[in-house]
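Each structure below is given as structure tokens.
Each of the next two complexes has subunit A plus one other chain: subunit B in the first, subunit C in the second.
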Partner chain A sequence: MAAFEAFLDDGGIVEVDDDMPAEYRQAVFAFIEMHANSELMGGLTERDWIPRTPGLRHKMSVLAKTQDEIGHGHLLYMVAADMQIKTREEMLEDLFAGKSRFHNVFHYQAVTWGDQVAIAFLVDAAALASQQAVFKNCSYGPYRRILKRIISEEGFHMRLGEDRMMRIAQGTDTQKEIFQGALDRWFWPALQLFGPDSKPDDVLLRWHIKSERNEVLRDKWVQKFVPMLQSYGFTVPAPDLSYDEEAGKWDVGPIDWEPLKRTLAQGGPDSARRINEAKDNWERTRWVRDAMDRAAAVPA
Partner chain B sequence: MTVDVTPAVREFLLAIADDKHLMGQQHAEWIGVTPFLEEDLAFCSIGQDELGHAALLYELLAGDDDAAIDSLAYDRGADEYRSCHLVELATDDWTVAFARHWLFDTADQHRWTLVSQSTVPELRDVAARVEREERFHRMHADNMLDVLLADATARDRFVTAVAALAPLTQGLFEPVPGEAEAVATGVAAGPFAAEWDAFVETIEARIGAVDWGSAPSQAQRTQRSNDWQALMARMREVIDLDLSATW
Partner chain C sequence: MHTYEIFLKKDGRDEYRHAGALDAATDDLAMVMARESYIRRAEGDRLWLVRRDHVIVADPDLIAPNADKPHRHHDGSAVAARRKALRNEGASS
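Let's turn to the complex of A and B:
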């Protein structure tokens, strides 16, 4: 392991067929699997509102975004499956059985159209920041290459969210009220997406999967979004929010990590519905996959 | 860019546009819940194309402005839409959704062929652009069909879904009154219904004889189906929150 870690510290890149310690393989796999699950579950969170998108061309761009997310999931499942720990089928079965993790934010329901916009704006920005930090110095080559594409598309999602947020900010009182409601629901989950402060012995940092500590990324997000939301006339739902003149920094006050922990145990506000619906649907369409498997088994 | 057409020809174009719009709307329901990820992506992409084709046609009638296009897409009274009942039908069964995609896109090819040599140059351009994308829709349906039809269980399910949709499929070929004028002025090469036999031949060559049943009562596409109201309410849910809002 020491030699392997020295190799990583030297900027070494691991490819799928290279020798690697089992712990490294497992940690990278788990990280990519969770990322893949999150892309898929994110798509499912957004799909609730797609048919209700106000506007024909608007609906096309929202569909394109969600297609990207499912596409990211698709690519990531392939990269994860190549590591030969689980097949894609097994990963999906585990996900729908409630055995796998996915990002905290997708354990919540989008209850208004404002939530749909808040997700594209706040959550995609948080996810993008995390992914950029992974991409920067990622020691696992196949993941790093996929991230490059994902990041370019996520940047487009964030801008789409920002455009829509700006239209709302310049819009009617009803629109502003709806978006404020969405902010009240999504600000904290989006902030918690970065996770609690990184532990000093975090192997993901040591093995150059992550390049930045959670608290650093979270703070950058706070410094960007708090003033931005305020400048558009929205209220940041943090009762203890304060500004340190000297440091020129915003502080959102103490963070309650209990909601995040509940989502990790599949006990978030919408976890059960989300997983059960996905599972029901997976079972209902099993016959199609079976037919495909049988077709593939027949020699051409 | 708008075209200068008579009210009758406008109705004819609206029938094509409304079918496309609602077909895209229905496909948009399927992202993330088809049998596998590649199919999610395909449905999502096809849905976007259908909405895009509708937007191109609405644009010919209303001009290239989101608000004008949306007003045509969402603000008409129920009796002013010219969609057929097949695309209004609600379903939570992917087999039905896929069968409808195949039936619709097979029929659609015939319809666009009719306007590919139109006397309206802008419509010719739209037809050419649509066909470039539709080719992939048909290819997608075909590849999936190869799999489903090769498997006894799957074939059974699929043929049952087609049988359930067969009567409504006839409504796809029902003209609006303006079609006669569209044909007389060369906007379309012939009536859509004249393509029915060729359409049936394509379908039956693939899955065998179909009992097409009796066509739905659409009153020349002026009458909406039972599923219409819920469909429109869903499409307008956000719009109706505040009619003066731009989202």
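Let's turn to the complex of A and C:
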């Protein structure tokens, strides 16, 4: 392990066929599996909004975003399956059985179109910031290459979110109220996406999967998004929000981590419905996979 | 299902570069999937797919000896030292 860690510290990149310590393989696999699950769960919610999206232009971008997210899931499941710990089917079975995790934000329900805007702006931005921090210095080559694609597409989602928010901010009082309600629901889950402070011995940091501590990324997000939301005329739903003039920094006050813990145990407000819905979707599309398998079995 | 490795290139620029891989049932479906997963926003205009089980992978032991062939390199240090010495002589006179 010491030699392997020295190799990683030196900027070494691990490829799928390389020898790697079992602990590294397991930790990287679990990280990618959770990322893949989150893309799939996020894509399915996005899909739910295609028929409900106002206006053709927005509808077409929601279609594009849905395809992006499902594509991210597809590519990440492939990278994860290549690590030969679980097959794609096993990962999906575990997801539907509630045995594996996906990001906290996909355990909540998107109630209005305002929620979708808040998600695209706040959640996609938080996901993008975490992914960029992984991409920066990721020691696992296949994951790093896929992240490059994902990051460019998440940037599109975030810009789409800000554009929609800007339109709402210029809209009617009802529209502003709807978005403020969405912000009240999504601000804290989006912030908690970064997770609690990184442990000092976090192996993902040590093995150059993550390049930045959770609390650092979370703080950067706060410094960027608090003033931005305010500039559009919205209220940040943090009762203890304060600004330190000297440091020039925003402080959102104490963070309640209980909601995050509940989502990680599949006990979030919308966890059960979302997991069942994903499972149903998997069953309903079985015929497509069966047809693919038959096509694959025909010699070229 | 087969796994395909994806290579992309921008017309008139660079070489084909490995972009990732995907799983698909047939070559035709793989082509469509590659277009919709890897060049969704014109990230390339040339596309190669190679089935992973067709890739012939070198044994590291076959390659290793070539890391130790000093006679295939020359750092030119003796010649550079002489040139430097000549330059210094010129500067001091």
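The definition used in the following text is that the second predicted complex is superposed on the first by the 283 of 300 C-alpha atoms of A that agree within 3 Å, B and C clash if a C-alpha of one lies under 4 Å from a C-alpha of the other, contacts with A are read in each partner's own complex, and residues count from 1 in each chain.
Please note the rule applied: contacts are C-beta pairs under 8 Å (C-beta built on N, C-alpha and C of every residue); 3 or more make two chains touch, one makes a residue touch a chain.
Values in this document were obtained by computation on a predicted structure and should not be read as measured data.
Colleague: After superposition on the shared chain, which partner residues are touched by A:Leu44: those of subunit B (first), subunit C (second), both, or neither?
Modeller: first
Colleague: For A:Gln26, select first, second, both or neither according to whether it touches subunit B, subunit C, the two together, or no partner.
Modeller: Touch status of A:Gln26: no partner.
Colleague: Regarding the shared-chain residue A:Thr87, is it in contact with subunit B (first), subunit C (second), both, or neither?
Modeller: neither
Colleague: Quick check on the superposed pair: does A:Thr285 touch subunit B, subunit C, both, or neither? Answer first, second, both or neither.
Modeller: first
Colleague: Quick check for you: in the superposed arrangement, does A:Ala295 touch first (subunit B), second (subunit C), both or neither?
Modeller: both
Colleague: Which chain makes contact with more of the residues of subunit A, subunit B or else subunit C?
Modeller: B
Colleague: Let me test your reading of the model: by the given contact rule, A:His74 touches which partner, first (subunit B), second (subunit C), both or neither?
Modeller: In the superposed model, A:His74 contacts both subunit B and subunit C.
Colleague: I'd like to know which partner A:Gly171 touches here: subunit B for first, subunit C for second, both or neither.
Modeller: In the superposition, A:Gly171 touches subunit B alone.
Colleague: Contacts for A:Gln230 in the overlay, against subunit B (first) and subunit C (second): which applies, first, second, both or neither?
Modeller: Neither partner.
Colleague: Between subunit B (first) and subunit C (second), which, if any, makes contact with A:Asp17: first, second, both or neither?
Modeller: Second partner only.
Colleague: Just to be sure I follow: which residues of subunit A are touched by subunit B in one complex and then by subunit C in the other one?
Modeller: Subunit A residues touching both partners: 64, 67, 71, 74, 292, 295, 298.
Colleague: In the complex of these two chains, what residues of subunit A are touching subunit B?
Modeller: Subunit A reaches subunit B through residues 40, 43-44, 47, 50-60, 63-64, 66-67, 70-71, 73-74, 77, 113, 164, 167-168, 171-172, 174-175, 178, 278, 281, 284-292, 294-295, 298.
Colleague: Flag every residue of subunit A that touches subunit C in the complex, lowest number first.
Modeller: Going through subunit A, the ones touching subunit C are 17, 64, 67-68, 71, 74-75, 78-79, 82, 88, 142, 145-146, 149, 152-153, 156, 292-293, 295-296, 298, 300.
Colleague: Under the stated contact criterion, what part of subunit C meets subunit A in this complex?
Modeller: Checking each residue of subunit C against subunit A gives 1-3, 18-27, 29, 33, 36-38, 40-41, 43, 57.
Colleague: Report the residues of subunit B in contact with subunit A in the complex, numbered from low to high.
Modeller: Those in contact with subunit A are residues 21, 25, 28-29, 31-41, 44-45, 47-48, 51-52, 54-55, 58, 66, 69-70, 73-74, 94, 146-148, 150-151, 153-154, 157, 234-235, 237-239, 241-242, 244-247.
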